[in-house]
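Several structures are given next for inspection.
Below are two complexes that have chain A in common, paired first with chain B and then with chain C.
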Partner chain A sequence: MKPLLAALALGTALTAPALALARPVTMTTTLNTYGGDGAYLALYVTDQSGAYAGSLWMAGGKSKYYKHLSGWYRATGGDTSQVDGITGASVGQGRTLEITLDLADALFDAGYTLHIDAAVEDMRDSPNEIAVPLTTGNSGTPVAGRRYISSFVYDM
Partner chain B sequence: MIRALHRWPGLIALALVTVLALSGAVLSIFPAAERLSAPQADPGLSVAALAERIQIAYPGVEQIRRAPSGRITAYWFDAGTPGSAVIDPATGRGVADVDPNRFRRWMTVLHRSLFLGDGGRIAMAGGAAAMLVLAISGVALVARRTGGLRFWFTRLRGPLAGRLHVEIARVAIAGLAFSSVTALWMTASTFGLLPDTRGGPAFPEEVSGLTGVSPSGVALLSETLVPDLRELNYPYPGDATDVFTLQTDRGTGYFDQGTGDLLAWADLSGWDRISETIYMLHTGEGAAPVAIVLGLMALGVPALGATGIAIWLAGRRGRLRIRGNHPASAAETIVLVGSEGGSTWGFAATLHAALTKAGQTVHVGPMSAFDPGRYRKAARIILLVATYGDGAAPASARGFRDRLAGLGAPPGVPLAVLGFGDRSFPAFCAYAEDVARAARDGGWAECVTYDTVDRQSPQDFARWGRSLGQAMGIELELSHRPVAPGTVDLTLVSRRDYGAGVQAPTAILRFALPTRTVWQRLTGAGFARFVAGDLLGVLPEGSAVPRLYSLASGRRDGFVEIVVRKQPGGLCSGQLTGLRPGDTVPAFLRRNPSFRPGRGTAPLILIGAGTGIGPLAGMIRANAQHRPLYLFFGMRHPDSDFLYGEDMPGWRSSGRLTRLVTAVSRGAKPLYVQDALRAEAAEVARLIRDGARVMVCGGRGMAAGVAEALTEILRPLDLTPASLKAEGRYVEDVY
Partner chain C sequence: MKKTLTFLLVSTTLTAAVGVPSWAAVQSMATSREHDPNALADDAVAGGSLILASADEDEDDDHGRGFLSKFRMGHDDDDEDDDDDDDDDDSYGSAQSPAPAGSVAPPQNGLFGNGAPPKVQMN
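Presenting the complex of A and B:
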């Protein structure tokens, strides 16, 4: 997947000065075979206080279903401009979503948490499938999701 | 126009619409199946009580859902592993796996998008739109066919495919139109073309920070009954800032996980309700009976498709295709055809070919499509006109006279009318003459004087062609070879001979029913469907012009029967009366819808003489419903030419024939059938006053005599044969 200057989407004061100090981060999300349609996934970041910092990726094109990604929806109020330009297709069961983003160094080891919300049509919504602190130490360590994600790992 | 709007979407989208309908029909079963299999809650049970029961069984419960079918599902985490079950609301325990039905899923995706993602969704929406266009144009066509929407459920006639098509459609059309509209709505919603539904109230800013409230401590959960529940979401474990989320039929709310206080609530908007209702009515989720009804109606679609194609092909076959036909707006010569059986189209094709060879641009079309406004390049209009019955417009000329009368001024280009007919009929070219006269009276200039073609004579046609060529200043040689109608060989199985003693040798010829193909059965083509009174065309050896005989049997009798009198020197009658059982003769069927007894229970007065008894005998044989039926039959001598004489006692005793009155013309006191009528004048008048229908079959002289006698009989009733004819209560088949 094309590297994207995803940091641009992080609407905080952190991003602009940090742009110079950014590095490519590859995030690999593998779904298990849950027996349903393609999953919608929202990847977003909260700061140390738990407040929404920005979105990294939205897998799933139809905004009418975003309310089922309830953590992201609550955090953004369903504001689709948060994922403009960083939206892709939904991810089929058993498939892997790999995205590479240039993330500001300042996001790591600073109390930020990466969240993934997942939703599948006619199945249980699963906010916070993944909630992993963004630290350099966690890089390369796979974590399992609660329901639909068999493993998630970021490498930098 | 409407027909084209019906035909093309139907043919183009047929496969798509069939897939939509069949998958829809399959999907329609699931809501009812789920409704029946799901353990239903006591309607008085509160959500609080249900949640407590489930919490006892599954302490890690995260979500409780109630489907519109009443099925309750719980999702939980137990030691880090997700679990789920269908819950019996009476116990709070799981009774079945939440098995996502793979087959249903597969069907849903097929129905929605053919497994082709958004492109497939758009294609399927196109299919739904086609279905809607078909439904609307179909209603217009049925209304036109039955004479208005008031007659929506009237009885139909015509070939089987056409009747089946309308019979199915008039039941299924409401469901199909409804499903198409809701489908288009749902697609529009999926693609964000409709305003979004609301996602609930804004998430509360402030929470108590406490945890651990029990469902019974939440007022809203105690007040909400299970049938109103949609979803209850528990707060994320370990997150004190999260809240309970409750969705009901009324709206969505959040409440505190420590205090149980309602933090925010939003009612469903009117828009939400509309969207949900449409979703429910399309999917049947929460409306299982609706789903079953819509599903059954959808099953009609494949049958509609098959019969629709049959109708279309039958229509194409009926009309001769003309190679290199120009559009009406671009042709110098406009040839319009008024034809009943189709033979006049053959002449039009010959004319088209000859004119095209002479460098002309020619358009050939039916007279019913007469529209001078479109003939922008035309230099002349030519009408090739057959006649139906005694002077009526043939099928492809319906409405022509009205269109002509509706013109303010005659068209600026000259006209030529050529009539086609048979001089042995009294109304020879009557309709063509009528058209020519009307045009002349309207001030329409002629480029060739009115002429006629007798019995498809190639010589007559060539002669007229030369005058047309002269008028156009070109050399025009029309050499027409009549196209032989598609015949089948009929095999004679038996014959009964009469009349030898009275110099009128006559035979009742019974042929075996030819085998019919499935295709013929479906389209009602050929010998697949016929009744007594229809016509059998026989092609004698040595002539290309067929002779027509009235059929004395119907399809149901299981044989093809005609009555033939050997004419002195007659080519066809000579060959037919010379047939021995096992011999064959090439023949074809031609319908004669105007000579039918019609439906109903009104008495029938059948009047015939000689071979004219044929169709009447067939009608008596078919009278299983014991309609009062009176036969007046004229013969020469009962010992010699009493056709069907042996059958009469049986028909009388079985109630098929109410009364038989015969007239014998040879003997001391000759009596004709009209004399028999006069003798029974009181009875005949009474029957006609009671609504009886009169059917006359036989020679022209006899028919004239009968009309005269009936005029006298009807005078006291203030009726005439003409007034009865206008009502359709007096029909003749005269030769």
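Presenting the complex of A and C:
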């Protein structure tokens, strides 16, 4: 009985910190009716020095178009492994993309910035369309994009 | 004895009536397949090797130019369907395309926890 209790206690002790270090964050991106095809969007994070820290989502599955997400592409060299498992379909005009991710607590209030690059076929690229500091204070506050994105908000 | 002979005669007649046309049809097919390119291709496929009419059917003929640049620079007047890139955004799994969400775990880039997998919804 004692070994079983010890194993359960150890398991709980190991699991609890992991659960506490991350939280679900919902990111909602609404596009304008810009009169074009579906938009490719790259959501990625830079640290306090502006260096690329990692990708959070890629909307659009064809890697040959990623060069038009120029901020993301410059940071990653177009490395598709950066978006393995976090890639979905492109987003049509006027539509809303809602993603819920289990994100590390360390991302918030630590100088990280979330960026969104956007590109639409036959239209101008829009790197860094959104740039919003990841803080608990900014949670729930909508941000307007420059060209294709009507609004972006994250909730935690 | 008569019964036996009658039986043999009938069976021989039936065999000849069914067998000769069948044999003739087989011979005819063998002759025609020698000159039928489709049949040759079928045989090649069945044997494990493909005969390709052209190996230059890569739809991605805009390498180095990008999917927007051809529109900015104008069409190249070749009347080819070089705008067929946007019709299958959901076709994942090619050599260079990333793994779609749900098929593998998110990258270990320190941004994600180990909890729930990503959820996505389009409205």
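Methods note: the second predicted complex is superposed on the first by the 136 of 156 C-alpha atoms of A that agree within 3 Å, B and C clash if a C-alpha of one lies under 4 Å from a C-alpha of the other, contacts with A are read in each partner's own complex, and residues count from 1 in each chain.
Please note the rule applied: contacts are C-beta pairs under 8 Å (C-beta built on N, C-alpha and C of every residue); 3 or more make two chains touch, one makes a residue touch a chain.
Computed from a prediction, not measured in an experiment: that's the story for all the values here.
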Quick check on the superposed pair: does A:146 touch chain B, chain C, both, or neither? Answer first, second, both or neither. first
A:122 in the overlay: touching chain B, chain C, both, or neither? Say first, second, both or neither. both
Quick one: classify A:114 as touching chain B (first), chain C (second), both or neither. neither
Could you tell me if A:39 is touching chain B, chain C, both of them or neither one (first, second, both, neither)? neither
Would you check which partner chain A:67 touches, where first means chain B only, second means chain C only, and both and neither mean what they say? both
After lining up the shared chain so the two structures overlap, which partner does A:130 touch, if you call chain B first and chain C second: first, second, both or neither? neither
Partner contacting more residues of chain A (chain B vs chain C): C
If we overlay the two complexes on their shared chain A, which of chain B and chain C does A:100 touch? Say first, second, both or neither. second
With both complexes overlaid on chain A, does A:53 touch chain B (first), chain C (second), both or neither? second
So the chain A residues that chain B and chain C both touch are 37, 61-64, 67, 122-123, 125
Per the touch rule above, chain B residues touching chain A in the complex are 62-63, 75, 77, 82, 84, 100, 102, 105, 109, 118, 189-192, 196-197, 199-200, 202-203, 233, 236, 241, 245
Touching residues on chain A, where the partner in the complex is chain B: 35-37, 50, 61-64, 67, 70, 73-74, 77-78, 122-125, 127-128, 146-147
Show which residues of chain C lie in contact with chain A when the two form their complex. 60, 62-63, 66-68, 71, 85-86, 89-92, 96-107, 109-123
Residues of chain A touching chain C in the complex: 18-19, 21-24, 37-38, 45, 53-58, 60-65, 67-68, 80-92, 95-104, 106-107, 119, 121-123, 125
